[in-house]
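These are the structures, in structure tokens.
You will see two complexes here that share subunit A, one where it goes with subunit B and one where it goes with subunit C.
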Partner chain A sequence: MNLGTRKLLDRSFTALGFGSIVVMGLMLLVVLVPIVTNGIGALVFRGTVEHRRMLYNEFHRGDLAELRSEIARSESCRREIYGMLDAFEAELAGMDEQRQAEYREKYAQVQASLRALLGPLPHDEAPALARLRYGQTRWDKAEEKLRDLQLEKKWDYSNPDEMAKDYFVSRAAGFEGTSLVRLFPYVEKNIDRLLQPRWTFYWGFITDSSVDAHFFGGIWPEIQGTLFLALGAMLFAFPLGVVAAIYFTEYARESFLNSLLRSANSTLAGVPSIVFGLFGLTFFINTLKVSESKSVLAGSLTLAIMILPTIIRSAEEAILAVPKTYKEASLGLGSTKWNTIVTVILPAALPGILTGGVISLGRAAGETAPIIFTAAVSVGSAIGLADVFSSPTPALSWNIYNLASEHEAAAEIRHVQYGMVLSLMTIVMLLNMSAIVLRARISKKLKG
Partner chain B sequence: MSASPDTKQTSAVTVRDIYLPPERKKVSGGGVPHVSAKNFSIYYGDFEAVKKVSADILSKYVTAIIGPSGCGKSTFLRSINRMNDLIPNCHTTGSLMFDSQDVYGKFTDEVLLRKKIGMVFQKPNPFPKSIFDNIAYGPRLHGIRDKKTLAGIVEKSLRKAALWDEVCDRLDKNALGMSGGQQQRLCFARTLAVEPEILLLDEPTSALDPKATAKIEDLIQELRGSYTIMIVTHNMQQASRISDSTMFFYEGVLVEHASTAQLFTNPKDQMTEDYITGRFS
Partner chain C sequence: MNGEGIATEGRSPAFVVSARKRTLQKITKSAGESVLFLVAAFVAIIVLFIFYFVARDAIPFFQIRGFSEFFTDTRWYPADDPPVFGALAIIYGSLMVTVGSALIAIPMGISAAICLSDVLPFSVRQYVKPVIEMLAAIPSVAFGFFALVILAPLLQNYGGPLLMWAWWLIASPLLLLVSVVLSELITSRISDEKGRKRAQKATLALFSAVAVMFLFLVGRQLQSIEILTGTNALNVSIILGFMALPTIVSVAEDALQAVGRDMREGSYALGATRAETIVKIILPAASSGILAGVILGIMRALGETMVVWMASGNSSHIPDPWFNYLDSIRTLTATIAGDMGEADQVTGSARFHVLFAMGLLLLVISFVSNFISERIVVRQRKVLSGQ
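This part shows the complex of A and B:
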């Protein structure tokens, strides 16, 4: 091969490598940017007076005097609106039957929209669910609801060969000639006074527990549950994994049994996580009965089994990477095998072992399938440390899935879901960062 | 001493026939067999790496082991403190005695043995710990916890290894920050700290530059007379400079074992002569 071709090959290889890294970086950006921008929305948003009312009622936070004056300002506007409703109802009562029927349905829709925007109407019974007790707490959602009030969404089924198309018609036009027609411009004009949006940094999203299935409040139970599960898994898997790695590297002789164990370990690393979840249910809960039903303990054990192969493998590699000369030096000084392992080999292998451990910790924090059947519930309060043996817990990974697919009003609380995703990503990234820092510090200490 | 049929007659060098050139002093209280091998063979699986060696290593003198690569000299050296135990499938036949103790005896504690028979390796291998901790590692292993005693041992060992003056103000620094020659002398000090009787040196200067090598050689001269020293080396000038007796191995066989002055000036065996004159290697 001549020099020119060789150089060309070299360069194209470099370009290929660089290019793939750039592509990876861009992909990461494509994933991270929406997660971060949407996730931040759960913490920083324009909160309405309803948000502050909710905070005061549910969490006893906020300035009561200021809240009262805000509510009073809003109330004057609301009274006007409710007056319009009363007037229209009186007008409705005086209409003939046919017109009444025509308006009643439309009017019910207007009422529903107003309830979503401002909370229960004066003549309503006190709602049982917290989500119905308050109007829109977030300005971005309030704008959506305002649009719902102004425009009615309809479907165009005229062409049977195509999918129906949606179009909007003005609700005000439907009430032309009645007194209610004044309501629509009035609400639009006074929406700021009605809801009084203000930029809010809602730190409680991290530290509060949720109110009415994540409609309001925060995700602390989920964060705590995630930490409990991940740390619990580590508690079981890390010592066990390191000991197993020591056995494989220092004690195991070449035998059929040991090669069997090794391949079992590799196989275990490739088992789908849902299988671990079902295994955890049947083995830990149904057979061993570590708890009555789902519990943090059962979930941690299941996660531990899932991350064990990774920990063993990384610890094994870290131990094998320790120069043989250290071992020789130690043994040559009259050290026992066990002492050599504890005082020389493990300290030298520690950075590698820890890296593997923390990466596994991150994985345990993010896994969903193993905890579905063993530990996770969709709604719950934060549990105490004493309850981990018997209580299930909400957890970020499971609740993200739950909010995305099973929650009855998922569309209403997308921001909570985004916030959870961001929190989980942050936790995992912080864990990985700490692993990198820890590793760097220990390596530096070892290298002098 | 009985010679086996497939090995050449090798003579055990005793103090009576060790010929010391005028510049090398006789060692008082030395010259008794400290390690003696009898028909000692080492196998890696079926391969006989060291073949029926019979020899006496004299106490407090320096014994050099020379021979071409793969001749079994390192294997022989490492068998004396049972470092070969680390290699799977390695086993021995014949007998190897250390004082009156059978090195490969059923009831021999290899950990205790290695305390008495220290070793310095080809590549400097300090632990990734501070200089102090490196040297205190051995004494701590053997139960010395008192800080003052440890500090005393560290200083004494470093002085013996001629390293004290260079490192006394940075004992808490990581040993891996030292130069290669210093690291190797640290390894000497670390070995000396457990007060061994025998020092096994496995090509201790092959990874060092000439200046550091000279220092190590000086150190070996210093230690001669206090310890029984066995050194494997590829450098024949080194062997002739620092040793009192020399063993020449070839393909696992101990070809000749004589006092250094004799072996290098008047070898009995043709192969030895060929090797030391560089006709083959």
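This part shows the complex of A and C:
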């Protein structure tokens, strides 16, 4: 091969390396950016008068006088709409059987659309579920519902070789010739007045409990649950891990038993997370009976044994990084081995140990599989500190899965799901970034 | 220091410890060391416990239903009457996404590790490593959410064009490179300088034309593919590949760094380019460490639960044809997570125990891979120190 080709190969090899790293960075961006932008949308959004009404009724927050005047402003438009509905119903009653049947179904759909937009109609029974008591609280969803009102989605099955294609028909066209046809342009023109959107910073998203399965309200129980579980896991794993690391670095001699223990450590690190969940279920709950059924205690114990190997590994590295001269100087001054460890080595290794601990804390907060069987429930209020030994708790990681995959109206509460993912990732990223900063400061100190 | 006191006139010499105190010291020292040993042994005890308790709840399944149904039947109907517990399709699904993620993670991971260890200057490395660590820190349920809510609709609505763009991006530089090298090799025999250059240009033009035609043909085929559902094996393989990447990159980078500077310097001194040095000398030397890292990364992909539960489609069947990654599949981890909710109510039944059987299978695979990976590292350490 001549030199030119070899150089070309060399350069393309380098390009391949760069390309891989660029792709990784792009993937990080592609994953983070939508989550951050949509997650912030759970906190900062254009909220409607229905949102403020919900906040007042459910959480007793907000200025009643201002709310009343807003409702009064939208009421005048609403009365027009209700009047149109009443007029149409009178018209329906006067039609013959066949035409009535034709219009009934279409009219029911229009009513459903209006309910989704504005809340219960005057002649409705008081709804039991909170989600039906209010119209759209968010302006972006309100625009979606408005489009639902104006256009009906139909499916075109004509081509047998292809999947059915969707297309839209104007609903107003279906009511041509009746009095209801003016409803649609009226709603469209007055939607601003009907809902009065305003930029809202809903900080309650972080501090409120959820109302009616996350249709309204916030995610505080989940955040608290995650914090309880993660801190509980650290409570068990951190002391055990540091002590084990001290043993491995200072006391363990080269023997078969100790190399066995070391490989046990890396074996534990490789166990799949769902198997930890199975173990937690069968050992902590079914055998040891640390709690009747799921509980924060069982979940924390399971998470603790999952993060133990990482803590041991990072503590080992931190202790090994302490210069030998420190230990030798201390021993030379006549200190005992244990005293040296406690007063000289551990403090010197502490930043490194803390870094590892912080990263493990982040991992424990983000894990889902170990807590599915041992600690997590889908709905619930924030548990008190005294209940950690006996009751399960909602948690961010589990509830993200639950809301995205198993919730009956997952598409309606996308903003809540994004908000949860953003909260979880903020917690984890903050922890990791503090670990990185800690590590940078240590390496700067060690360099001198 | 436990001295009995500074010597004064007529007293015993300074810094003498009584026999009783010395035995006390010895007892506390050995007691303390035993406590430390017990704490460290705790880890090994946990591993044994995990194996014992998972196996304890898994064995009843094989006692009730035997081995052949689980490993050879593809029909998974645990709720039917009579129930069928054929896990072959589920095992196949796990294998499928693991292989898929390996195909993505191994080439990218090794090239990224090479770039980090040999190409990038130290200052840039300090900025790149946090990027990789952040990728590793993202919780799996966040990846699963991304796969379900963002990637799946993207694949479903724009699948064909996306595949075509990916094909063009990946294949065109590769094919171009191949044409250059081929034209180079073929015309190397011609001794006449000018003639060789002309022949080279001609063959290069020919090969590039063929390559471009090939790219277009395959691209058009890909563009017309209609992806029926976005939650499929391809989706999961991509995400799992990116999740396994950080592990592979960090372990491979350590292995590459461990190969000392002397080998590199010797190779450069002999006139090799950086690519040749890395490919022919450094990679083989670091191969055991890289292999260990690859095994660890693949194990992470195999044991991952949330991403596959949310985005694989959870359809227990072997795709038709067997390599169709655009079809939904089901994995062992997702089955354990998903079926336990109903199975837990009937604790004594085969439905409950079969999930532990799957867990045992995963556990055994992880133990074996860990063992192999450790043996590889130990063997390489022996080889390197023996040289």
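To be clear about the criterion, the second predicted complex is superposed on the first by the 409 of 448 C-alpha atoms of A that agree within 3 Å, B and C clash if a C-alpha of one lies under 4 Å from a C-alpha of the other, contacts with A are read in each partner's own complex, and residues count from 1 in each chain.
What we mean here is this: a contact is a pair of C-beta atoms (placed from the backbone, for glycine too) under 8 Å apart; a residue touches a chain by one contact, two chains touch by 3 or more.
All values reported here derive from a predicted model rather than from experimental measurement.
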For this session: For A:401, decide between first (touching subunit B), second (touching subunit C), both and neither.
Result: second
Problem set entry | First, second, both or neither for A:82, with subunit B first and subunit C second | neither
Exercise. If you count the residues of subunit A that each partner touches, which comes out higher, subunit B or subunit C?
Worked result: C
For this session: Would you sort A:59 into first (subunit B), second (subunit C), both or neither based on which partner it touches?
Result: neither
For this session: Identify the partner contact of A:348: answer first if only subunit B is touched, second if only subunit C is, both if each is, neither if none is.
Result: first
For this session: Return first, second, both or neither, reflecting whether A:253 touches subunit B, subunit C, both chains, or no partner chain.
Result: first
Exercise. In the superposed arrangement, does A:240 touch subunit B (first), subunit C (second), both or neither?
Worked result: second
For this session: Determine, under the contact definition given at the top, whether A:362 touches first (subunit B), second (subunit C), both, or neither.
Result: second
For this session: Look at A:329 in the shared chain and tell me whether it touches subunit B only, subunit C only, both, or neither; answer first, second, both or neither.
Result: first
Problem set entry | On subunit A, the residue positions that both subunit B and subunit C contact, one per complex | 334
Seminar exercise, completed: Counting only contacts in the complex, subunit C reaches subunit A at residues 1, 29, 32-33, 36-37, 39-44, 46-47, 49-50, 53-54, 56-57, 107-109, 111-112, 114-116, 119, 128, 130-135, 137-146, 148-150, 173, 177, 180-181, 184-185, 188, 226, 228, 242, 245, 273-276, 278-279, 296, 299, 302-306, 309-310, 333, 336-337, 340, 344, 347, 355-356, 359, 362-363, 366-367, 369-371, 374
Exercise. What part of subunit A is in contact with subunit C in the complex they form?
Worked result: 1-2, 5-10, 12-21, 23-25, 27-28, 31, 34-35, 162-163, 240, 243-244, 246-248, 251-252, 260-261, 263-268, 270-279, 281-283, 286-287, 305, 308-309, 312, 334, 338, 359, 362-363, 365-369, 372-373, 397-398, 400-401, 404-405, 414, 417, 421, 424-425, 428-429, 432, 436
Exercise. Which of the residues in subunit A come into contact with subunit B in the complex?
Worked result: 253-254, 323, 325-336, 339, 343-344, 347-348, 445-448
Seminar exercise, completed: Per the touch rule above, subunit B residues touching subunit A in the complex are 81, 83, 86, 88, 111-116, 118-119, 121, 123, 125-128, 137-138, 141-142, 173-177, 187, 190-191, 194
